[in-house]
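After this come two complexes, each holding chain A, first together with chain B and then together with chain C.
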Partner chain A sequence: MAYVEMIRIRFLTMLAYRLNYFSGIFTYIIYTGGYYFLWSAVYANRTSLGGMTAGAMTTYLAVSWMTRSFYFNNLDREIADEIKSGAVAIQLIRPYNYLAGKLVSAMGEGLFRLLFWMIPGMAVAAFLFPVELPTSPATYGLWAFAGLMAFLVNALLNAVFGLLTFFLHNAQGLRWAKSLATDLLSGLFLPLHFYPDWLQVIIRWLPFQTISYLPNMIFTGGLRGHDAWAAIGLQAAWVVGLAALTWRLWLRARRYLVVQGG
Partner chain B sequence: MRAIETHDLTKTFMRTESRPGLAGALRDLFDRRQTTFVAVDGINLTVDQGEIVGYIGANGAGKSTTIKMLTGILQPTAGTLNVNGFDPHRQRERFVSTIGVVFGQRSQLWWDIAVQESFRLLQRIYRVSDHDFKTHFIDGVAEVLEIGPLMATPVRKLSLGQRMRCEMAAALLHRPSLLFLDEPTIGLDVSVKLRIREFLKELNHRYETTVLLTTHDLSDIEALCRRVIMLDKGRIVYDGTLTDLRQRWAGDRTVRVVFGADVDPGAIGRACEREEETTFRFRLADDEDLSDLLPALVRLGPIRDITVLEAGMEEIVRKMYETGGATA
Partner chain C sequence: MKFYWDLFWSYIAQYAKGRLEYRADLLAGLITDVLYQSVAIIFLLVVFQQVPTLAGWRQEEVFFIYGYFLLPYAIFGALANGVWDFTDRYIIKGELDRLLLRPVNSLFQLILEGIELEPLMGLITGVAIMVWSGGALGLDWRWFDVPLMLLLTAGSTLVYMGIYLSLAAIGFWYDGRTGLLPLLWNVNNYGRYPTAIYNKALRILLSWIFPFAFVGFYPAAYFLRREAFLVWSLLTPVMGVAAFGVAVAIWRAGIKRYHGAGS
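Moving on to the complex of A and B:
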């Protein structure tokens, strides 16, 4: 199957630059350690904050960065670069769907980072800091599924912003704003229920929480059973909505290519 | 069988024009000026299976736009086209499996990974069976292009010539019956050029592969194409054999003679140019034969070497415009 092979190729490409990633493992451990000491100071004598123990908080942040290594990709920049250089036209001489090809390549990249960077990093971090790993296999299963959905939401969001380059001469600023929003509003640094109420209301209507907060809460046990499934349902709804938007933008982009020249 | 057939193929683009200055830019925000630009203007083109056709013309003549329509990348504005029995744009995903494309200025291989991985990925993409991959590709195309030693090298480490051989192989991996080559020899040194030409001739001879070639290097055309199509301002200005093109526009030939001793060429009453000490160039008019000139030359003195130089393509093209004959 061509798409499976494309995952493999991206994996190999990443492997060609694997040295870059060994340093990444240390960065990850330093991040987790930094958060651990920061939160230890915040908790001080308290056992729980916002319904979370210090251990749960450390676990939340450790898993938050680990999931990020899987869902994170530069699809927006890749698509924008290919549009600007005209390489997108060249891709059309191959018998596969351009966007599907991009999506599976990003998947290959995510899997690489997860396996060679995050899992070793997490193992070391769990050894050094009080990370509380779930005991139930079902939790791991749900979390893995939620992680896959998070990947799709983020990748489609990136595709939308990449495709906007077709219509705006320079969409770079927009892409930066989106990156910042993804990191801040997804709950990467802090569980969202610590945010002010008015902001939480806004965030509930945005896709970002489905990228980090919901999978992390499943992992730390904050969302269980029915609630966990509801979270995954919300992710699925965003996947469908964003996929439809991406597809419409792609069709319009192709028409633009036809009208304005390659 | 027809490989390519087009009727009144036309492509117009909308171009947004910017007004000069800051005030102009502000006006552009509210009121964009759009102009229509005809890139390809009613082209009728038929190419039979097994032909090698040279598609030439100056920059901006519409070559690339035509190629993009023929390969399904762009949708025509008007007219019909049929390539390998498909409508390239509408039936894109099925159609592209029947063609191979090499863009000299863009790589189709995956930059950071070994050549063989790119080939393997293309094998999967085009659903080529392992058996065909081995017998037709590894032992066929790759063998002839001598790609074996490059297989394990990442594409970014290949020289331009090596990369172009790999690009050529990649375009042929799925055994397309029609090959589009857009400036395939750009920047290559002579020996690689010759090798690629030999390979294309062999390919065309053995598998009847149709080749449409655009190039700025007119020696490619001379070496490969019996038929030449010339494009200017989006229209076909010449479509015929290279020989015919030569006969109609080649005009005078030049005879280059190396004498064995000092001679005075003025004695035969012909215009000539001195190239070196004892080397002279004589003009031979269209209706003259070499035998009209030879006796006089022999009388001048001992002849060591004699060459008849035909007009090059550059000269033909220039002449076509000068004489206004480019409306055939």
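Moving on to the complex of A and C:
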């Protein structure tokens, strides 16, 4: 099966760079640490803020950054670069679907990031900072599922913004706006319920919260049982919606292809 | 000296001509630079909705420190490209040979070749934040504060240059992609908050080993009239010269043993 092979190849490519093994963990520990110290100072001698204890906040930050070490990829830039250079034309005559190929190689990278960065990174974070790991296996199960969905939402969102290059020729500004929106509105460095109410209303209608906030809240125990399932249901709805959008864009793009100076 | 000065302006002129060819890209670059600052600003705004002070520092004070932090950050950003690409472009691809053949200081050329002007937008953002937060705090400015700020900013920029140039110059000995630079890049952000929020080990690290406390917090504390940090604030230029001195020493030793990539 060609797609399984593509996952394997990307995984092995990541594996080839020895530096990759620890650089990811180190980088994400620096991120986690920065926000951990900031939030610790915010908590100071308070036990709870916005319904979260200091321990829950530390856990939120650790799981938030470590999950990002798993789902993050540059799919948008990869697609945009191939469109701009014209390499996409060669890819189109290959005997597999271009878009599916991109998504599965992102999965190969994600697999590497999961095994070499996220899992050991979480262990290091739990060692360095007072992280409160969940005790119930059900929480881990739900969170693993939500994490996978987060990966899909992020990858599809990247695919959408990468494909926009077909129509806009240089959509770099849009991609930057997207990555900024993802950082700010996904709940990466603070739980979204700390934002003012009007902003929370807007965020509820956007896909970003399903990438970070919802899985993190499942991990910290802020979303349990029925609420956790509702969150995963929302993620699934976004996966379906974004997949449909990606596919439509792709069908239109193929007809529209203009290789820029290829 | 005049020769180096003329050379500097020739590089700047060439750079500007090149960039102005692609105005849309230039504009996008400028806007994103400002947008990326907004992440930190929004974070601080949200945090101060919850609490009145952060480790004893008020919102306006923390913003002022951040505003100062943007000055050396912007200047270093404008000068850092050559340092950033050093191992890849100059050692592995062998472009250093070209620099060494010219009768001009190689380090000077390295920095000039990588110069970029867009990051300097950060100067405007930084000054704006300082003017606003300083005004809100009712800071009393004395006549020598402006030249002192220039001096401290120069010191902070040298701290940046010293740390990252030292890391880059390790490429002379270990010419693989060490990736030390990107690995340690994010540590610089630790310098823009009061050191009181960190534990002791991290405070020592940020003061003496990777002295990023000198690119934001320590120098800014002077203008906030925090007497407790006066010595630290005034140590900034010394630290800058020391850090840059170490980097230049490593660079010189590296140049001496450099024998080319053979390509």
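Note that in this section the second predicted complex is superposed on the first by the 254 of 262 C-alpha atoms of A that agree within 3 Å, B and C clash if a C-alpha of one lies under 4 Å from a C-alpha of the other, contacts with A are read in each partner's own complex, and residues count from 1 in each chain.
Just so we're on the same page, contacts are C-beta pairs under 8 Å (C-beta built on N, C-alpha and C of every residue); 3 or more make two chains touch, one makes a residue touch a chain.
Every value quoted in this text rests on a predicted model; they were computed, and no experiment measured them.
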Touching partner for A:89 - first (chain B), second (chain C), both, neither: first
Partner chain in contact with A:2 - chain B first, chain C second, else both or neither: first
Chain B versus chain C as contact partner of A:16, first or second or both or neither: first
First, second, both or neither for A:31, with chain B first and chain C second: second
Chain B versus chain C as contact partner of A:49, first or second or both or neither: second
Chain B/chain C common contact set on chain A: none
In the complex, chain A residues that touch chain B: 1-2, 4-6, 8-9, 12-13, 16-17, 86-87, 89-90, 92-97, 257-262
Residue ranges of chain A in contact with chain C within the complex: 19, 23, 26-27, 30-31, 33-34, 37-38, 40-42, 44, 46, 49-50, 170, 172-173, 176-177, 180, 183-184, 189-190, 194-196
In the complex, chain B residues that touch chain A: 13-15, 39, 65, 68, 71-75, 92-94, 96-97, 99, 101, 103, 106, 108, 110, 112-113, 117-118, 120-121, 124-127, 154
List of chain C residues in touch with chain A within their complex: 24-25, 28, 31-32, 35-36, 38-39, 42-43, 46-47, 49-51, 54-55, 177-179, 182-183, 186-187, 189-190, 193, 196-199, 202
